[in-house]
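I've put the structures underneath this note.
Same chain, two partners: chain A is paired with chain B first, then with chain C.
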Partner chain A sequence: MSATQPTVATGKRVPTGLLIAALLLPLALINLVSFIIPVVRLTSISFIQSTGGGVLTDNWTLENYIGFFTDPFSLELIWNSVVMSLVVTVGTLICSYPIALFLHRVSPRWRNILFVMTISPLLVSAVVRTYGWMVLMGDRGVINGLLMNAGIIDSPLRLVNNTLGVYIGLIEILIPYMALSLIAGFGRLERSYEEAAASLGASSFTRFRRVIFPLTLPGVALGCLLCFVLAISSFVTPKLLGGGRVFLLATEIYDQAVIQLEWPSAAATSIVVLVIFGLALAVYGRVSRRLD
Partner chain B sequence: MDRKINRTIVAAAASVLVAGTGQAADITVMGYRGGGFEENYVKAVVEPFMAANPDINVTFFGVQNAATALGQMRAQKDNPSANAVIYDLSVAKIAATEGLTETLDTAALASYADLHDIGKELGGEAIPLTYDTLSLIYNPEAFPEAPTSWSALWDPVRKGKVVVPAQGGGDIQAILLTIIANRIAGQDDYKTTIEPGVELLATQLAPLIQTWEPKPDAYSLVADGTADVAIGYNARAQHFFDQTGGRVLSVAPSEGTAAQINVISAIAGAPEPEATQRFIDYALSPEAQAAFSEAMFYAPTNSKAELDEATAARIPYMDPATREGLIHVDWMTIGEMRDSILAPWKRRIIPASR
Partner chain C sequence: MQQPAENRQTTPAAQPAFLSLRGVTKRYPNGFVAVDDLHIDVPKGSLLGLLGPSGCGKTTTLRMVAGLVPIEEGHLVVDGQELSAAPPHRRDIGLVFQNYALFPHMTVGENVAFGLEMRGVPRSEIRARVDEALEMVRLPGYRDRKPREMSGGQQQRVSLARALVIRPRLLLLDEPLSNLDAKLRDEMRVEIREIQQRLGITSVFVTHDQVEALTMCDVVGVMNKGRLAQLGSPDDIYERPASMFVAEFVGRINKLPCEIVAGDRVRLAGTVCRSAAHDLPEGRGIAAIRPHRIHLTAARDPNLVGNSTNAVKGIVRTVTYIGDIVQYDVEIAEGVLLKIEQHTQGSGLHHNTGDEVLCEWAPRDMLIFGRDDA
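Showing the complex of A and B:
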């Protein structure tokens, strides 16, 4: 019996290709029904012509895409979304890296407990956590209350209902995802490499810059991809913490579909976001190949 | 004894047979969920209707807003699961244009002739069900004297305490506020230009805004003191007045306000058209209209609906002077103008608040 020719209990040989197909079939079916077909339908809606007030017609058109790319507001949305996602990704990385490094080094006895603590925020819905931030950072929230009672400020700081609130909320929500990805990618990091560098006279900063960080780059790349995609598609947190001032691609899709009733425009914007996801995946693919 | 048992069995079988041949019709009415609408509508209209019509079973299906209702109608175009829908007139215009509504024979509706003329533009496709007005919503603790003008929204002393719901760049409330601001800025006809109104909102209102996306809603933020003043609909403000022990008040400002019209439509292609029509007829009747007005403070569209004085006093639309001063909005063309009125909100008004 060769490794590529597995058998079933009866001893009858099952062709490898058939076995792989059988194993992939459930996932392929789920993907087909829950992703491929809806995306095809979405794409077809994006080519439907609509008249004033969002009335759908039976005509096909490229207007929705032309309108998107010729409207400076749409380009501002792409810029806002990409910049916000990059800032959130970098912010999440900075906050998560020390946690992940500590978890990687801590004794196994403590590692499990601390690991569970790190990912425990995932047990609470992002919506609930976002409402929590609203309570903490609102004009009459805990933070402003403490600062005002201490006499440090006279009027409340604007911590929510703006971009800052969205950054804080998203970074907190994404930290467990980044930490998990980093820990998963820290496999190549061994204590002996750091000791070797130290024995050659490298300072702690040099050890981090030349040894630790390069070895953890696969985890960094994975975490950054995950957080970038989650940030650019985030909708609830910008809606709740942005105060209606923060316009992003994801919020625009909701607004176009639900407020302006312009389904074809919403579908076209969704396809643009899908293309940005594809680009992010392509960049990740190139980066991870270079890191390997 | 045996005979008694037999009689019981026969009686039980007969009752089952009668119930079985009764053929109760099940219909679903889609309408607003939040702000007490669903709860009050079921109590004031749906339950009395079912009591009077035991052969029809009505389920109220609550949705977030009129746009969500339209989304449901579009998605279920080929196989509608709801039979009737309660939503905004401007959204009904879109649904009617897309062929999503059934045209009812208004002559066959007992109450149609008694309805006021406002909101009858779509005939049997969307029949006016409730009238409401855009109001200034304020917290009485922040206003020792009740505000009487829309300018309370752009009074600089209210900086950071003003809420204007303009979710996603605004919807009907934002459209109405633009039209009102336009008049205050000197341009009476919004079809000519809305520039003066936009300029007023961008330069004077926007810098004072706390949030354009109040959570959970503007009424709650005013009630708990997070905001001093906001815009909202009178009916919901009255509901919150009762819920919060009077911490939210509503006023129709002296410059005039505009009406918001909810209509009811039978959904095209839905089953049970006869039962649906009977429900719609009942919903338009004086007793159902009065009952819902007393529960939720919408003005009735049926001219024969009689409200008690206490209820009427809390509905600006019932005041002849307020009704006289209503700013006319042509909801049939607002759909086409919707984009041009709302475009400045995302591009100029809201960015001016950053």
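Showing the complex of A and C:
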């Protein structure tokens, strides 16, 4: 804190520590009510024995976790979820990077309007956008209709109700988040670095590989963390575009909690996802420390 | 009136040009002409200074030579090779930026090695040449530092090493001293010039500081509004400026309205004076005299002063004591003030406000410009 202490109207000095605590209090309260308490509750439910059909007993048990980890299907779910999220993250990065780089370089006059356009998809909920993709990519959808009418293909391309559909839908939904993170991390990228590299004999590809991309890695790491977490926790898009044929942790939690009413199992699966979040965060922490 | 700048180029003509700008022009789509029909020849091993106020086109010119701004009109020839259309990474040019532009994610050694890697120099040789380059800029042992751990002066020296280690055909320096503090700037000025001369590398130095241009450069091009106002040696530029703009830009100067009588005679504050110009057309003009070229003495009869010197009587209006010099404002006619700088001689030996004094200057120190030159 600086030497000048804030004063109240009476002229009395407010101790700095107290001031900080007062400023942090609202956020701390919101976090407590909307995050800490639910997670504690979730954790406790995951150790409760259930008799099926949504009835909870008063007995504590490890059954839910043992059940999860002894079922080969659960391990397949973890594998599917992690692989799907990684593919979606990399795909989103590839799609967003040119957009972000362009926005970073474009003249300030255009930057604001293009920036708003980039994040405008966030105005429409993911559910609506997912239905949009179903209309576009369905067997009798716009894309297949056009291609078949043009005689390019005889039978419809399988674009939905499979993993490909989930990838396409999720990547489109996550692009604004990735683009925002990348732009936020592009602060160190100055034109003169590229110009210096060019004068030293680096071709445009080498400039990208040796100078531009390394300098933007903090933004890349942040965007990848965000997109990985959002991808692995999404369930509406995988459920709708996967057509019930793509099995992931998030969709499984939804089924367990809402369809089978097995809250303790759903809670245990949620905790597993939370642990994966924690691991992703730890990887991010290590990466960003190394980049610094 | 002074001769136009084009006919007065003395320095470059003697030797063949190594760097040659021929009619280089930069037009922007909105009609703005940043650089207008520039013709400059620089002999091998010379340091060309491009001097001018901000927005005069000097940096754009440098960036066109570097290939960072495309040359759409005119030609750039380096060592007999047309380079106008070559991309920057094929021009073999060392570039030093005002903000250093060291890659922040690389160490000093990696920064300096970058250009050598791009040229496919073997690893063992890279190491030796990087050490040699760091030694040249007096930073041996700094190879593993990160740029941000170094001072501005050190960073600029690394950037110089990085530009020179590739042994480029040309070295371009874009206001390299502007981000440094005054003391360091003086040091770096000498150091850059010393390295440039030792390597004999043809260089272009962009600056808005006339001291840098005059002290460091072999040839100075003064630019104004995209055009070359004058090209010549530092001595030419200072002593024989081609226009009032150049005269004012390269140092303090008195600007006094005068009436041209005939030949080299002008009437200034009621006194007829002799000037450096010949064959002046009659009419109104502007006399320009540098403050330190005027000699101030206690008042005596101007007629006693020899014919070879101009002498005008005046009254001291303000005295500013600076230490090594004293600045005077002397009123030589109703409302006409002459700024004069004298080296201090010793305590109490300067004139005081209200003193009657005689201002003397040699005809060669009095430049006459037409009113439209101003």
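Everything that follows uses one rule, which is that the second predicted complex is superposed on the first by the 284 of 292 C-alpha atoms of A that agree within 3 Å, B and C clash if a C-alpha of one lies under 4 Å from a C-alpha of the other, contacts with A are read in each partner's own complex, and residues count from 1 in each chain.
One rule holds for everything that comes next: a residue touches a chain if its C-beta (ideal position, glycine included) is under 8 Å from a C-beta of that chain, and two chains touch if they have at least 3 such contacts.
Not measured: the values here are computed from a predicted model.
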{"item": "Three-chain arrangement built on chain A, chain B and chain C clash or fit", "value": "fit"}
{"item": "Which superposed partner A:Ala100 touches (first chain B, second chain C, both, neither)", "value": "neither"}
{"item": "First (chain B), second (chain C), both or neither touched by A:Cys224", "value": "neither"}
{"item": "First (chain B), second (chain C), both or neither touched by A:Met134", "value": "first"}
{"item": "In the superposition, chain B vs chain C on chain A residues touched", "value": "B"}
{"item": "First (chain B), second (chain C), both or neither touched by A:Phe247", "value": "first"}
{"item": "Shortest span in Å between Cα atoms of chain B and of chain C, once chain A is used as the common reference", "value": "46"}
{"item": "Residues on chain A engaged by chain C in the complex (per definition of touch)", "value": "188, 190, 192-193, 195-203, 206, 210-211, 214-215"}
{"item": "Interfacial residue positions of chain C with respect to chain A in the complex", "value": "66-68, 87-95, 97, 99, 101-105, 114-115, 118-119, 159, 162-163, 166, 172"}
{"item": "Touching residues on chain A, where the partner in the complex is chain B", "value": "51-56, 73, 131, 134, 138-140, 155-156, 158, 161-162, 239-240, 242-245, 247, 251-252, 254-255, 257-261, 263"}
{"item": "Residues on chain B engaged by chain A in the complex (per definition of touch)", "value": "65, 67-68, 70-71, 74, 90-91, 93-94, 97-98, 160, 166-171, 210-213, 215, 225-226, 334-339, 342, 346-347, 350-351, 353-354"}
